[in-house]
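Next come two complexes, and both contain chain A; in the first it sits with chain B, in the second with chain C.
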Partner chain A sequence: MAAVATNPTAPSPARQRKERLDRGIKVRSEDIYALNSWRELAYLLAPRVLPVILVLLLGFGAPLYWQRVLLSTMVFGLLAISWDLLAQAGMVCLGQALFFGVGAYIAGILNHYFGITPFVTIPLGALGGGLLCTLLLLPVLRLRGIYFAMVTLILPLMIERIIEATKIFGGTEGISGLTPLPGHGLELFLIMAAFWIALFGFRRMMTSDYGLVLKGINDNDRAVMSAGLNIYRYKAQILFLAGSTGAFAGAFMTHAYQFVGMPVFALDYSILPIASAAVGGLGTLAGPALGAFILVPMSELLRGFGGLRIVIYAVLLVVFTVGLPEGVFHFLRRKYTQFERWAEVSK
Partner chain B sequence: MLTGYLIYGLINSVVLVLVALGFNLTFGISGVANFAFGALYVTAGFLAWIGLNTLSLPYWVSAPLAVLITAVLAGLLYRVVVLRVRGLVVSEVIATFGVGLALLELFRFLGFIGFEYTLPDAGDFGVSVLGVVIDSQRLLIVAMGAALTAFLWLFTRYTTTGRAFRAIAQDEHTALTLGINTERTATIAVAFGAGYAAVAALVILPLGTIAVNEGYNVLVNALAVCIVGGLGSTLGVIVASFLIGMAQTLTAAYLGTHWMMIVSLVAILLILLVRPSGLFGSHKQLEERI
Partner chain C sequence: MLTVTELMVFYENALAVNELSLKVETGQVVGVIGSNSAGKTTLMNTLSGLILDQQIKEKRKGGERITIMGKVEFEGRDISLMPAYERVRLGLVLCRERHPVFPDSTVLENLLIAGHLGSKEQVKRATDLTFDLFPNLVRWRRRKAGFLSGGEQQMLAIGMALVVGPRLLLLDEPLLGLSPAMQQVVVGAIKNVRRQTGATIVIAEQFARPVLPMIDHGYVIENGMLTMTGTGAQLMDNPEIKSAYFGV
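Entry: the complex of A and B
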């Protein structure tokens, strides 16, 4: 069970390498699954329960301004989770704003033109958005890699321009004065619940047989096809799941800000989830979510710098991606589950 | 009227060719992502402006210096940033885009906004073609477009370095076994592409002012042209530039400027749907779809 890697940048004297070994507690609690003490139970539970409690305390203890920041952090977190879910099924998406925007517009239109309450528009926005995006992307499901990515990059930009040119649904002005959710507490609770359900639910799904097929599609789609599985069905299903998650974030944000307009298709909503994934670590769902929790509050903290804000933000982003290419989450997990030591290299 | 639109459409197309050549050289021919491309383009413009106005250097010193500094900056960008995440495509794109973002916003922060940031143009004379007067700067753009395209085409076919560019995009490991220093080649490719961006900036920017937002537009345009034409194909860049350039000018003239962007986006979508690797792309069918 020893995972060994060399670290070329370490200040190693002559011919040493870093050796990494799994902690005994990890092997007992995860691999052979024989828990025999509260300590081992705590070892398993801590990284899962502590963040939930921490966010809950933070959300209901912080001043109103930071509650709003937390809210948008979790919206971006949901987008990042939905991005990573797609990426794990072999679909790299450069246009998360498509899901976000479609969900936002469906909720906004239902509320503004038909006067439907947010408790109905948000679920409808999520499901309808997921369905609409799946139908929209169905013709290009056969495309792979960068070609699929390019289509997803272009679609939200195009919808934005069409709304601008045809002036439908409020045109450049957008629709404002939508019904807010009753109470900030409920709002915060709702987005927290959605965030944790998406994170833990999808993580659970990826460990099941169904998730195994998805990972197979990512690793080698032709091998999965030759096993007699219809990969397009799987891809369409994941597109719907990820699309609905993104559309939920959009529909929720619409009612939280009581406004929907062209900015929901802006590049921010596409780039931030990818940046979160790059910072947090790809392929774990928790990594991108963690990345969102680093990037969104950081960009708020930098507001004091005025015009320099974006410069500092961009530089920090580069430092993160270049300095820790594996991502923060993989780094933390390695420290939590393994210990490291310097070992002599034998010839 | 129509001849006027057609001729200005052609010039718009050459502008696109100029902008896309450098990007295509780096991303298409050599397979290295450089999404700081737009920022480097704007940087070259500002460097030339600083050389001319702040340091009062003559144009023939300031312009080549701007091109050189931009190329060196891009080479450094590759060495310091991209090399560390080479192979992780998402990280490559994010890191280079982040550097571009930082550069552009730094210019904005330092106050490089306004109408005084212009570069000198080629002079006040014009040539009449089919009853339409074309000014000297636009003539220079067409001439530079033709010259740079021809040079790139010859360079990637008949020089060792140029062929090494294509080799590392096709298969980096095979290139290594044939004695190509892939890291050095990639550095040169990035610097070379940035040099092209700088030259394009020096001939295109005199038509308007040097604006920070131009950096983002240039990147989107270059990306669009390269996708439609097919990554890595010089002929593809030319054909795609003419398609998109003409389509943009004609829609702006007859449908209104709002539709200009939509037409080029629809063109990209259709191309991706029908022929994902572009009009002249050389990728194999199985790499693009299953």
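Entry: the complex of A and C
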């Protein structure tokens, strides 16, 4: 037998290969019959319910400092979800800060100048922010790839400079002393609810026929046009949804910090969601959210290192993206649904 | 010149090429005939080494795992693990299916990019040869390749493979999407390539009718498995081939 295994990853036994198979329980729980058995039901529910419970316990059990970290983690998680939503519809956005900042300023302005309660300013900020960003980006929807990315990158920086130059809305000082949300518990509960609704809601949407069209636009927009669909209408709708998600995060943050100023347009809010998506795994919505849950607390833990913090952070980021390029979420999901074994190659 | 021994390629659990062994002698034109999904392209990608790159890319994406087993020997040297660009330097050149050209570069630029490694004279010679073989291309030499018709792009793609100076030229579905008249032009050009450069040629094709008359030896594959082998004339007379590929 002259043949040798040429796959460098395969060990010495020559006529064996590793095969990947779906776990039995995964196959059994794919259909409505999953309802027949507790085990299958648990298999389906565990990856969805456990994180919710875990975050709930963590959030309300942790000391105040870590509660705040969790809060900003979820805010970044929302931004990452909004980024991935856009990316799945073929729009690579480098300006999540635009959504975040516009939402934050709308909420801040409404609260400061008109004295409106946070329970109204946050929804208004979310919807108004989504609408405003959609209108702002409507003219560039026809741009693709890097051109769209450039415009989205520039817009938040531009708005930042306008506020600085014209000194509107408090100028460089920003607006402080805004109404806080009543109670930390409610605050935490609100952001958790928004986070899970956005995550599960958008994931559900992406599996519907509507989501199918979005994936099609990402894959081959001309083919979608050939199916008689106006892709710009779809893109505008997704822009509104993603914009509203980001704007909600901004409006929420405004009231959580009781302050809104130029930093809301900072590059952090654009870059960190993308980094989260890279670490967590693109195209699943849950991946980027998971990425945010890894990156934001990690950056807090590294605070002890002082000046070296960013260096270590960057190195860890590289380790993640090189070592697990498919993303943490894809990896975990594969391990959860499939198993591997060595199989004889039939002669 | 090229020996393939018990080649097996898996895309995850799907078997694309199954226990395939074939031999290409120097100077021959060898045909690999098979219908859609027979494994022709996978075989060609494995011979050219592109599959190794595909393997890495899929792994990075967390996608399908590609497993390759068996041995590919080029002039007595085991090249199973050699990356594609090194195989090209040995003279093993693949012209991929669906005429991949650089659409934003002109015809001339395309040839220059392909000949980047060669000396100026060599590129000049090969470019002239390409224009000799495909006179249609001459008037489009300054036109962007993306604006050429499918047939012209196919000619350009073959030209780009020739510029590299192949000793073993792998052609993956060179007749795909061409009109019968255009197919004859390309078949004629392939014959000329053999006469003028003396290169050994392997053609993977599903159109048996235009290809069989020009090959010295043919392999018929189905579902990744070798089902028949023989000279071109033998295969043409075979009743099974006639019914399956000639439609008579």
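A few points about this structure:
Following the convention adopted for this analysis, the second predicted complex is superposed on the first by the 317 of 347 C-alpha atoms of A that agree within 3 Å, B and C clash if a C-alpha of one lies under 4 Å from a C-alpha of the other, contacts with A are read in each partner's own complex, and residues count from 1 in each chain.
Operating definition for what follows: a contact is a pair of C-beta atoms (placed from the backbone, for glycine too) under 8 Å apart; a residue touches a chain by one contact, two chains touch by 3 or more.
All figures in this text were calculated on a predicted structure; none of them were measured in a lab.
When the shared chain is aligned, chain C comes close enough to touch A:V345, but chain B does not.
Contacts of A:I274 after superposition: chain B is touched, whereas chain C is not reached. Contact with neither chain B nor chain C is seen for A:L56 once the two complexes are overlaid on the shared chain.
In the superposition on chain A, A:L317 makes contact with chain B only, not with chain C. Applying the stated contact rule after C-alpha superposition, one finds that A:V27 touches neither chain B nor chain C. Put chain B and chain C next to each other and count what each touches on chain A; the higher total goes to B. Look at A:M205: by the touch rule set out above, it reaches neither chain B nor chain C.
Once chain A of one complex is fitted onto chain A of the other, the partner contacts of A:P325 extend to both chain B and chain C. In the superposition on chain A, A:A266 contacts neither chain B nor chain C.
Of the two partner chains placed by the overlay, only chain B lies in contact with A:R144; chain C stays clear of it. On chain A, the patch touched by chain B and the patch touched by chain C overlap at residues 325. Here chain B touches chain A in the complex through residues 81, 84-85, 88-91, 94-95, 97-99, 101-102, 105-106, 108-109, 227, 256, 258-259, 261-262, 265-266, 268-269, 272-273, 276-277, 287-290, going by the rule given at the top. Put simply, chain A touches chain B in their complex at residues 92, 139-140, 142-147, 150-151, 154-155, 157-158, 161-162, 164-165, 221-222, 225, 231, 271, 274-275, 277-278, 282, 307-308, 310-311, 314-315, 317-318, 321-322, 325. Interface residues of chain A facing chain C in the complex, by the touch rule stated above, are 2-8, 10, 14-15, 17-21, 281, 325-327, 330-331, 334, 345. Touching chain A in their complex are the following residues of chain C: 5-6, 8, 10, 12-13, 60-63, 65, 67-71, 80-81.
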